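You will see chain A twice below: alongside chain B first, and alongside chain C after that.
Showing the complex of A and B:
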């Protein structure tokens, strides 16, 4: 670190705090204040008292529990698939193949596109009557009648998983690629000399060296997937028959459609706690190992 | 490795990105009245706004063209009004929003400007649905109500009278249908608001209801069970309704009816124009009648429709009200009827020679709409409808018995009532 010797500059710590102030203020307004307001709203009882009424309703709300289960199942499946696909992509990208840089760049396109745009595009692609997927399926004779991708509950759920995977597998791939590129080649060479095959080299070198990156990718993806809103909102709107109504969509419905603002706030705080818990678990896992 | 600062920065940049996407507000001179509706496809709003601006120099009206989805537009209004924001001077209200929006103090009561004598000129169902807690909150513009469309040509050639009762509907369907090519009856059976509307019509035709006039839940009744049993049996026993009806909204039912794949269809007034448009296979072969009922009860039509409420947060309430009444003039309503094909909210227009020449079914339509009944008028209606949708849908997919569905739904509606008292 380069330091001034004139002594007219403030100390490092003070300087660091000074440059952080605008960001902290911004956070205070856009994150901390709304979060505290939500907490306050969620604790409002009759006549200005503090009450846990909304929270006791959260615990007994069958629709909330169904939505929570659905969201967790969705997150588990989606993150798993994204991870597998993203890992495969990363392994492919690290290989010295022709057109690698083109491949790397084009892979990022789904990740940088806004989720609403992606939701809309895939809704058209999966549309039952004039969507291109059904058109291909019918022409190739795979199915007799169009597949109800967005109309039938199980299909709709699968479609949401697929679209989320399509969008975010590249994100996992980029993080893992960063990890793969810092593993020293010497390790592989040494292991090869010692007679380790491809599988053993992968399990003894690649995987352990990659673990922190894997945990980072999984953390980001889990937190984000638990809170998924925009993509689902545009793709299915939570339907049909609530089959894709994730937690954030349920909260939106309670707050803005039913106008249960206090209850919606209690649901948001609950969701916040769940998400933080997931983040803490990953954080704990990564600390324990390293 | 994992650090919350980074996480925070990540979210913060996401927030900033989205804030940047919001467009800046335009500044305009003079008084500008704004409201939100779906895209003005056929230019009806443009014409009505142009005549208003010509008659009131200095006043401008801005239609903010929003998404086609009613739910999304409702959320847009609700978000703005929750924040006590003055973006929308007028609120173009779906009938079912009235109790909720007024109970939240977002609407101006209009009793002073919209006295009973004037209310008399509008269809009673629209006025009923615009009234909550003893005040009137909405000026009806577009009326709406469910009815039974039928294939006149098929019934006439078989020498059959249009059905008045549910039993007759089943009989005629079974005589004339030929599934899976031609089905007897289609309606809106998907789990969404449309299902509640259809269900209420059948329920009331059976003599049942959800709330009593004094606001108690009366859903746990033999009539409710009979209604659900009839709907389930129409699919699985009598087989006059295709199973696919469970995925139908208005358009899917209309497509089935238009292509000659069904004999009877429950739908809203707009379908008449589509059925008789140029190129329609069934042009001139369609009749409308009120929904069926059981012999000792009468037909019911669920009222829908749109109208103006004035926002409590508007800075130009007087101008806003002026435009709302302008849009409700007979001349303006005729523009909407001609260009949009919707049903006008004023009774006199159903005898208007110009409109009747265009829409010869107006006398029959009047008979339907004059008996239209609102959905339960309650600030928590959206939640009740959600309950009904889930349980009716479960019966239609045969995953719940009619008895069980009625018991569960009544219990949940009672919980909602208990919470809101």
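Showing the complex of A and C:
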């Protein structure tokens, strides 16, 4: 049958709807329906009524609020450090140097390894009794006694920040590298002819051209860092004395250790709202100014 | 750039490469040491007597081969499901010009942007009520649903720039919708699909949260969870040598994929970021 070349075929829409079905079914069954069910559970009151009991408990739960503050501080520090290191990596990787492929591959390795495995590797490196870092520190006489990297709360927090930075700086680097490689070289040449120095070229060309990529990287990293689980679980398990107990660890503790599924659901919904708020702020920023 | 700048860049890049690879090399070294040498202070940089006892230990005394097999099954199955469902959805949405488009994009992309832990309690609660916990199939479904995001992200971007005329020409030549999709569109999309599949496979292999909480039966554990159980295996000493051997075995597949496909992985990750 001959159909007109322009315009849609009659059955086009039917075909396009039909091929959407598998993905929608999969998402509906594993993500959307369970999410709605959990929302329902979190609103359940005594005798089948709707109640905000779980939520009033959330906002007065001192342990939850402490965990939230801790997670936000962690995310702020970690994302900042990842960003600085990742930016430096990207600026170095974009240079047309010999052996560039080797450096790119090496720098990508930390990001691609399983976080649980990375946690164990660094736990061994920072191990107090005969780990390599303390061994070197003692041998070089930097400290008198081993540093309690994972046993003392402040050190443990710092160690988790460091390990997360090590793992995710390459991700920031890859996103920024993509931005750096599409900046036209002529812009730099023109600016150089106009007498702009290295610093001015960076602040007048590189930074503004890179801003959308910077915001993309920061959005992804902030949202994911708020939900960090694997690395902390393996490295410290949330300890010592809850010093590294991030939101995700608090939720899993309430749900799986205290078997408080309804409260766990309310905590998840609360965390969902916070995460969406962060994401909306970032997309608002990127839309308004650029 | 002057010669001096070049030298400084090389020094910094070498330092960063060392910083990135040193923990991996240290694990390889530790995995080849004997139990006594692992605990010896000062630590030796290289194993004095190379031994494979840590490897035989995790494969013979523990079911690490089983864990690795489970990881492969889950990663391969969830990647395949996500590739099929995701490619279809991406093609459909890329051809859409209605108000549904934005909503569908949000539906498919959001799970990849949000932290997975947000869905943990919901999925755990629902899956335990329909007995899908403690099964590899349940884990495969969860992984596949999350992989849809990355597959959709990469492939929708590709299909949007795919020439419509090619499809129309194929239709005029008598291909059915399905025929045109499979014989004309998919072969040209194969390189992009491989990139998406690679990333999905790596994410699945690395996944820990759901594998830890949804599956409790030891014979159904995947490698990332099996390895985390090693540290609590002995009440007295943490078996660092065995853990190192397990770290090496679990990292090997993804490291090999990066060595082989560094370019593809980088291009896949930046597909969305480059999009204007």
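Just so we're on the same page, the second predicted complex is superposed on the first by the 270 of 290 C-alpha atoms of A that agree within 3 Å, B and C clash if a C-alpha of one lies under 4 Å from a C-alpha of the other, contacts with A are read in each partner's own complex, and residues count from 1 in each chain.
Basically, a contact is a pair of C-beta atoms (placed from the backbone, for glycine too) under 8 Å apart; a residue touches a chain by one contact, two chains touch by 3 or more.
No experiment lies behind these values; they were computed from the predicted model shown.
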item: Which of chain B and chain C A:44 touches, first, second, both or neither; value: neither
item: Chain B versus chain C as contact partner of A:241, first or second or both or neither; value: first
item: Which of chain B and chain C A:170 touches, first, second, both or neither; value: second
item: Chain B versus chain C as contact partner of A:258, first or second or both or neither; value: first
item: More chain A residues in contact - chain B or chain C; value: C
item: Partner chain(s) touched by A:72 [first = chain B, second = chain C, both, neither]; value: neither
item: First, second, both or neither for A:191, with chain B first and chain C second; value: neither
item: Partner chain(s) touched by A:209 [first = chain B, second = chain C, both, neither]; value: neither
item: Contacts of A:94 with chain B and chain C, given as first, second, both or neither; value: neither
item: Contacts of A:286 with chain B and chain C, given as first, second, both or neither; value: first
item: Contact residues common to both interfaces of chain A (with chain B and with chain C); value: 23, 26-27, 30-31, 216, 219-220, 223, 252, 256, 261, 279
item: Chain C-facing residues of chain A, complex; value: 3, 5, 9, 11-12, 15-17, 19-20, 22-24, 26-27, 29-31, 33-35, 37-38, 41, 88-89, 92-93, 95, 97, 101-110, 112-125, 127, 130, 132, 135, 139, 166, 170-171, 174-175, 177-179, 182, 213, 216-217, 219-220, 223-224, 226-230, 233-234, 247-248, 251-252, 255-256, 261, 264-265, 267-268, 271-272, 275, 279
item: Chain A-facing residues of chain C, complex; value: 1, 6, 9-10, 12-13, 16-17, 19-21, 23-24, 26-27, 30, 38-43, 81, 84-86, 88-89, 91-93, 95-96, 104, 107-108, 111, 113-127, 141-142, 144-145, 148, 152, 168, 171-172, 177-178, 181, 202, 205-206, 208-209, 212-213, 223-225, 227-228, 231, 238, 240, 243-244, 247, 250-251, 254-255, 257-259, 262, 265-266, 269-270, 272-274
item: Chain B residues within the chain A interface of the complex; value: 1-2, 4, 7-12, 15, 69, 71, 74-75, 78-79, 82, 100, 104, 190-192, 247, 379-380, 382-383, 386, 390, 393
item: Interface residues, chain A side, partner chain B - complex; value: 23, 26-27, 30-31, 148, 151-152, 212, 215-216, 219-220, 223, 237, 239-242, 252, 256-261, 279, 282-283, 286, 290
